[in-house]
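These are the structures in question, set out in turn.
Two complexes, one shared chain (chain A), two partners (chain B, chain C).
Here is the complex of A and B:
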């Protein structure tokens, strides 16, 4: 078996991109390796954390070490892995989909090094024990200012990326008037546009509340306001992480499966709906908070429920695309087409496994967004298990598959065998299931989250012990899978197999390729206006109330 | 952002009839989002409050104002007061003003007052002169302030301490608490004492006794971990004082423990256990 490009018939109508000539090659490789390095460290820390939570004696297990480790794990996974991977993937799609040089490469490199500086600042702050505040920005607990400034630099780097993506699409549209922007680029820019909106909340919180508090400029902080601003970011950031997965579902999976995308328009609609319904919904993270009225909590929860629309659209469209492919490959009957899909291809396998995990994770999410049920699980490890399942199960497994698509293009070499790739994906799936399902279960039994140790001499807590040990085994499987992923990519870099000159990136074509599109499905002007109005309606008064009738503030608790 | 076509124009280069399609899409999108917001708003701000109104005995207007966040507080009717005489056990509230006062505690003023008023019994650095008088060494400023404030308000009664606390201003109490917390930092080693006791007593201290619903002492009384911030440290405290306090809680003579936690626990301990726990926590140097 060779590369995806070779196993899949490629129409040669467009000029292919030469591997050696991909201008963003070094940029993409740099970004993705930073992401992977953070990911590998975080995976190993994760295993230790699960060990520390279990009845087995873990080395160096103190509360201080536990929270330091959890902070490092969360920051590495949620901010470093995602941001750098998404930036790298964006530069890759911009050049390969638009088939034009990415504008402002020097700026992109500047942003990369800015991000690296930020990561180092935050990492040193955490390692030194001055930032054990977890990856959430919830005052009055504050870390050293280096931690926050470091993360702000990472965000600023991502803003530069957003502007480059938007500008790249604009330039392409000027050069191709009236033409439909390729779906993969449309989606990438949708993510950039959403991210700019998303980061307004947390940036405001950091600049006006948290960083002054960390510097000692203010001794008091309005906790309700900061939690509200963080909630602005909190849900949409998950969709920022998730976007590459959906991009792969729509633009890579159908081709890898040997078929076509069932509907290009459905894809555009799904991405647009993600922009609209992932932003004015953050209050559902504050259902248990006292600072907001039930009416606004309800409105935002209602809008949250609408996020299921693009998700269901996607499940329908991708399943339909898979059925098209399966039937083209000779599948018959109601479910016979599933068997004929080429499950030996990493992108197909990853998409199938991601859908399975999304089913469980999405179900858990529906429970979390329901006020009454959330009240029961809110402070339990059910929530932790849920976001690990969504993040690891749908986000990260598709990052693996995307990396496996990008690497032959970036290195000019083919994977000698798909077997280690598929083994890695299966291990990830099995590990994620073995880790998170018992974790959900202990959460339902009341196992609380965000604590450093359990007293297993208590009979109630002792009954959770076996389940936590099962979760630990799942964690170990995940770590093995993570290391195998690193190994798979490294071997391709070090391979002595000859580079081939031309690698086409296998983006899927639609059954009906878009001809002329309404402007609304080819740009974001209208949607930005709608998001602005929705945010004003959903967050206007909830934020304004803190200024109309300022509540009592809390004393800042500095960790350093 | 990406594309801002003025209302009735199409992207450059697109044919003119495209404008009709674009307009159609814009209207459809606005209508769909508008309906979503209207339905959500109607449910959240009108229909659900209307449903809840009756159970909380609110007018429709008040119910809607509450849903919108224009009115605060709980509509629940106050419960009838409990039959027992619920004398406020403590009037300390850990609000920002007190936290700031303790954080800013003037230890120079505290040292001066401590020397004049406290040191005769509690020692210059918080090591008391007899076993019946508590040592302040190793306690946090919150723990010391809580007791001083309780003596001042009458939540806790001890003739000498009540007189002292009532003669001082609240700010001075905070300064004294801050002074002793700082002065006794060198005695952190108190926590390094050798603890030895009967197996049953050690188990109560570290694991509690679930059968009798006695939680582990150390689940709260460990510095910086677990319990409320005013929880005093036990390691190294004087045996005679601790035993007297456990007995006072058990008999109800002392009642400044919020929620009656220590009264509940002490009542469940046997007199022998109270004595042995006090001996265990004093430890030996």
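Here is the complex of A and C:
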């Protein structure tokens, strides 16, 4: 206990960066509000979609409106909310963790406006009804070219962010030779490195197959190849979204709980394992596809099992950190330390709830990726339940908690009460469970996905009706939570309370802070080589086969 | 509470061993099911040209539906197209190995049969194939489960599973839904 006794409870009150001096303040606020706007719209559309699929009569319910709405919901949640939030959070961590100006701020603003242009292009294309191809846009269905160009601009904006993050870390390392990069920045750059690898697949698909087809330059498209390239991106993109949550688990939660991070090295290891194992696993999205052999499907199933390792390590390290905090706060016995944790702090509550939802979402994921067993659940509501639990339950709930950490620093005002914040987090948890548990159940009975309406005159489908209504209630609770989240942040902007000198962001310290680290735990050179080798092994032949023995191509089908 | 660096490392190594055990169990279970129980995904790198599907030997209109192939196998052939299955009802017997073969002339579709593990994507360029054995009789739903355009919702077929004695193929080995009634 000797080491821990020195730990200082939150918040530490030495003003390292005073109010208004945070150079990235406006940049972060702009990014995060774009993310939240997209999120709020997507939540409301989501409620209408569940209403439309339920036995109840929904307004404006046509197939065209439904698929327009699903496309907008998916694009807003998966591409806009995530990308803009991650970029904003990255600029925030770069300045507050490295305690030096972020390089190339003008470039960051350029990327922001480029991303906005992309979002508007894609949004208008979707609203026009000429891009109802869902956020996965599987060819040969083809939308208007504006939709794809819009998405490309958002990706290019994120690439600029990646380079700024990498450059910021390198510049800090040159100025602080031999020192360990703060874990929060190490993780942020890990995400940037992983995202550059991740986007290669979808960018290749868009630039060489989809956009030429949308422009009418080619009338045929190799669908197996395009699905394979998209799968390259499709799993790792989820880890791109998840990274901020894990960053919060490791670098914010332990301090918020009143303790220290159990192990800094384990954090670095987990982030490195995410880079390595989240990429060569995408074929598990194509287990039910004809175009890949069982051998490569099994190989990638095996690698997918390994990607659960960093998550399982994280659960241990964060639980151990929580136990350290709970015992420092007087908790005794095997489980007594759980009661003494400060559950009234949003970061602590959000982490606890995220772990509960990760248990269900992760467990479902292990079933989905299990090779032959996937046939039981592929493209059923089970899968919808799985990824809503991971996305809403682990990604978004931690975005809430992170926003609640950032907002006092960004606005110079503290929340007068934590109560509305905690109510919002509880509503999100309850809504997510009420929505997704019925989906798991109906999915197991074969309820299929991506349908504008169900024919409830069929007896089997009629038996799902009550469950669909229960999940709709869950969706309404989620929408209420989303609006309360917006309200909580708005009140801080509008508050008349005086601005205070901003306290240092309370990043957690490790029980044993890292001294000198081997280069492999302080940079990404070695890991990039390993990713390249694994990708060659896992995706080399599966992609090459389309060129060695080209399959017949599909005729491009325009939606407009 | 021991909290020195060595104790932390030891606890992490113990947990790492548990994690390794969990992964080993999952991977072995999947491998056992694949090898011993033949539970594999419906991989089938068999090409068919979407542009000439109607001219192909196998997926011409006369060949669609359920039939007993010359080698004695029960095979159902269907075309999945925007926004219907052709035919939209097939009849199959219980407790007998059956093969479902799908092809599409247009976009990506997918199928599942409710209450069973029958599930495959139908990708233009390939014949999607599923081997199975039905154990219960009844009219099962076989919807398209991949978004294929605005009419996707209407794309749904019926699999009529009948007891072997009611499965009565004609002289050419064909069985259609109407015959089983």
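Rule of thumb we're sticking to: the second predicted complex is superposed on the first by the 545 of 560 C-alpha atoms of A that agree within 3 Å, B and C clash if a C-alpha of one lies under 4 Å from a C-alpha of the other, contacts with A are read in each partner's own complex, and residues count from 1 in each chain.
As a working rule, contacts are C-beta pairs under 8 Å (C-beta built on N, C-alpha and C of every residue); 3 or more make two chains touch, one makes a residue touch a chain.
Source: prediction; values computed, not measured.
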{"item": "Clash or fit, chain B versus chain C on superposed chain A", "value": "clash"}
{"item": "Partner chain(s) touched by A:413 [first = chain B, second = chain C, both, neither]", "value": "neither"}
{"item": "Which of chain B and chain C A:440 touches, first, second, both or neither", "value": "neither"}
{"item": "Partner chain(s) touched by A:555 [first = chain B, second = chain C, both, neither]", "value": "both"}
{"item": "Per-residue touch tally on chain A - higher for chain B or for chain C", "value": "C"}
{"item": "Touched partner set for A:223, first chain B, second chain C, both or neither", "value": "second"}
{"item": "Partner chain in contact with A:386 - chain B first, chain C second, else both or neither", "value": "neither"}
{"item": "Chain B versus chain C as contact partner of A:276, first or second or both or neither", "value": "first"}
{"item": "Which of chain B and chain C A:255 touches, first, second, both or neither", "value": "neither"}
{"item": "Contacts of A:268 with chain B and chain C, given as first, second, both or neither", "value": "neither"}
{"item": "Chain B versus chain C as contact partner of A:63, first or second or both or neither", "value": "both"}
{"item": "Clashing chain B stretch [against chain C; choices 76-84, 112-120, 166-174 or 202-210]", "value": "76-84"}
{"item": "Overlap of chain C and chain B interfaces on chain A (superposed complexes)", "value": "63, 292-294, 297-298, 302, 306, 455, 458, 545, 552-555"}
{"item": "Residues of chain B touching chain A in the complex", "value": "1-5, 10-15, 18, 21-22, 24-26, 29-30, 33, 36-37, 39-41, 43-45, 48-49, 64, 66-70, 95-96, 99-100, 103, 207, 210, 216, 219, 225"}
{"item": "Chain A partner contacts - residues on chain C that touch it in the complex", "value": "1, 3, 5, 8, 11-12, 15-16, 19, 22-23, 26-27, 29-31, 33-34, 39-51, 82, 106-108, 110, 112-121, 123-129, 141, 143-153, 156"}
{"item": "Chain A - residues contacting chain C, complex", "value": "1, 3-4, 63-64, 67, 132-134, 138, 140-141, 222-224, 227, 262-263, 266, 286-294, 297-298, 301-302, 305-306, 308-309, 312-313, 316-317, 320, 324, 327, 366, 370-376, 378-380, 445-446, 448-453, 455, 458, 460-461, 511-512, 545, 551-555, 557, 559"}
{"item": "Residue numbers on chain A that touch chain B, as the complex places them", "value": "63, 166, 169-170, 173-174, 177-178, 189, 193, 196, 219-220, 276, 292-299, 302-303, 306, 455, 457-459, 516, 518-528, 530, 534, 537, 541-542, 545, 552-555"}
